[in-house]
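Two complexes come next, and they have one chain in common, chain A, joined by chain B in the first and chain C in the second.
Presenting the complex of A and B:
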């Protein structure tokens, strides 16, 4: 069959909370990831993305709540999960003096699911010389090598923290086409924690935005683009009343001009705003960058500044 | 053949459906032509396979594409159906704009329809 069919849940987090001392790093997170999807996990530094991934792998333990990965409890089955899940950490530890081909044999020996041919194919495709030592490789090549060995384990789920940090644009395209192929049978999933909104906008079908430990937006990216709109209204509006509507994510007023961001049902929103008989109502599409800024800006109440970059 | 601009704010699947429809209306794609598989197009454009699948699905619903297990996805050329769809598509932004404007000015749907009828009748005379 040609068409990917996403249905099975591979990650389930319920009320997941993690405190480091008095700091709440993950705040009552409820989160699902389905098979066959690529999820972009976004948020400012310190939003809780890395901690969330570490809890899923059983490296960090939740203060309360629970997470299952591939149906296994993350705390109790950490070893099993780490075997079935490919984790590409932000800081990539490798053995500098080992040759690439020796490293492949060494690394592969730890995993029963290891596909040596797949690893060699990827190295050839990505032009990583197998006779060089890892220390002789460029930063970008090391990043690709790490990715290649993780992929060659054939993990059901890939968790990646900033995988493209050291890569040039052409390399990013190369690894992304592998990711796309990777999930296209609908039986694998990828979670991509990143700051690169352009990359997420390109290959992710779902997006989760975190801020201060909580999830401030989550969903199918195309649905988000269809539902999130900026309304530019000129005229008198009862701002305090509108602020109470549950779809409202931001509201900024300058004199008679009001800019409103809502996250659901744009047509209904247009009607509700029109009921106040304003002079004009303009409905604008939002790209992921605008959605992201509105989602994190809303929660922090940082209303100025962000608005400027949205206009 | 197709290209997408992920940053545009327009959902990628809609960019794809638009381009495929355009290719069919202009004759660049003909009835019976085989489209790339979901996987192939996703890899070529480096976009999510679910996005491609969604675009193909929508075009199937519109009757412009046809797909079967193992055979792949083909262009299904049915001129009247396609032309109507295309004509509607071109009219739609004007309708949307009119509805938005009418709503802002406080007209109900019935009033708008009545105005349209009246305007059309006076044009006919």
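Presenting the complex of A and C:
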């Protein structure tokens, strides 16, 4: 089997689109992931995160556009890609009737880089009994088993869909330390699709936020924190005109108070807003949670209204 | 390992089929052997049993007009085996990675570096191989009963019968793969193919006997030369069904 070509960019998607019937799951996505990075892939349910990962592995086929993984076309060389890329699916539903030790032998047989000792050590450390069938394991143990076999493959790239969903905090800590160590040589990368913003803030250096199939924010996490600001403005503003500015991520107005989220240079943005002679302009930092909510256009109180109508 | 997984998935059904086929064959063989034994001793009741044999089974009858082991084995493979092993091959072939979508463990299988067509090839090969094993097991059971009763056994006919069974079930295995790719579920897939089998059995017995796929599994049908029309039907159903299943599976999204 040919070795995948060495490449700084390990994932590259160009105009990637996927329709399921009339539903657009992935909408003209342009995306890249570099070696040595841990990318947090965020988005609400149905945003297209899982579909995007499946397209990269050839498990789903794009309607249009293209993706390359480790320099290989995802459609044409999916078998080679799956040899080099580890995948932890969202449903840790393995083969329930298979014994753990048999599963290790089965799974490891597909990979030339399989390190059986590493897998066995991890199982021993996590107290996963090898004589039990997978169906007899708890959800957390299944998740750990999946992570153990994927790590024992020594893949170039790890694509993980909610890997810590069923894990206790101590196990999450341990696994995260493995991940960080794993990418430290700069020759590997991890994409972590999750809803857990705290986990992303802890281990990811890059963030991609998806909503309704499209990427609504993408970049270095520190840069995002530095550039994304909330501008609290009091005064008369031409909201319709400001909405047209391409740097504007979100605008909420209530009377004379306007809240604007932008990822432009804060100084330049302040100057532009000052041109409308507002009473005050206050620039506030944003944490990842606020960036995420602004990026997906979440309106606070939306659910409150629904709940109120039910009372 | 793909073949090991195919075996792992289907072994429960195989052992169940083994038990069923034992229940079907063993009592028949013991009854036949004991009657033959009695007939050889000149007891009057046995001749009746032998006379009850259908006309085309008389090929294996001895000079007294009584059916011997040769005729019994031939009759079993020619008359019963076709339908029994058709159903069993369907049971062994439906399901697999395509139908795993219900359990959602198919994402794990599909994330392995294996072409999708290989999953189907392994499933189909395993179903055919295990059906042959079941047919050969029948030969072993019959031979063991004959041995216990001190009779000689026509092993050649049993081996040929088993091989022809394996050849004929190519049709049902191919249709089972197609049916599974359509339904993505084992029970409905099996019912669909069994429905097709019943229709083809009816047509084969009435208007299209020469084209019946069951001719392929009949030892007698080969004695006047290969049953080409039946072979053609088996090839079309088997290879065509499998090709369409592979095409559908490779294009599917999971």
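In this section, the second predicted complex is superposed on the first by the 268 of 311 C-alpha atoms of A that agree within 3 Å, B and C clash if a C-alpha of one lies under 4 Å from a C-alpha of the other, contacts with A are read in each partner's own complex, and residues count from 1 in each chain.
Criterion: a residue touches a chain if its C-beta (ideal position, glycine included) is under 8 Å from a C-beta of that chain, and two chains touch if they have at least 3 such contacts.
Just so it is clear, the structure is predicted and the values come from calculations on it, not from any experiment.
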Which superposed partner A:183 touches (first chain B, second chain C, both, neither): first
Which partner reaches more residues of chain A (counting touched residues only), chain B or chain C: B
Touched partner set for A:213, first chain B, second chain C, both or neither: neither
Which of chain B and chain C A:61 touches, first, second, both or neither: second
Touched partner set for A:87, first chain B, second chain C, both or neither: second
Partner chain(s) touched by A:98 [first = chain B, second = chain C, both, neither]: second
Chain C - residues contacting chain A, complex: 1, 4-5, 8, 103-105, 107-108, 110-115, 251, 253-254
Touching residues (chain side chain A, partner chain C) in the complex: 20, 54, 57-61, 79-80, 82-83, 87, 89, 91, 93-98, 102, 106-107, 109-111
Chain A to chain B touching residues, read off their complex: 1-4, 6, 36-38, 173, 176-177, 180-181, 183-185, 198, 201-205, 221-222, 225-226, 270-271, 274, 277-278, 280-281, 283, 285-290
Chain A contact footprint on chain B (complex, rising order): 4, 6-14, 37-39, 42-43, 46-51, 53-54, 56-57, 67, 69-70, 72-73, 100, 103-104, 106
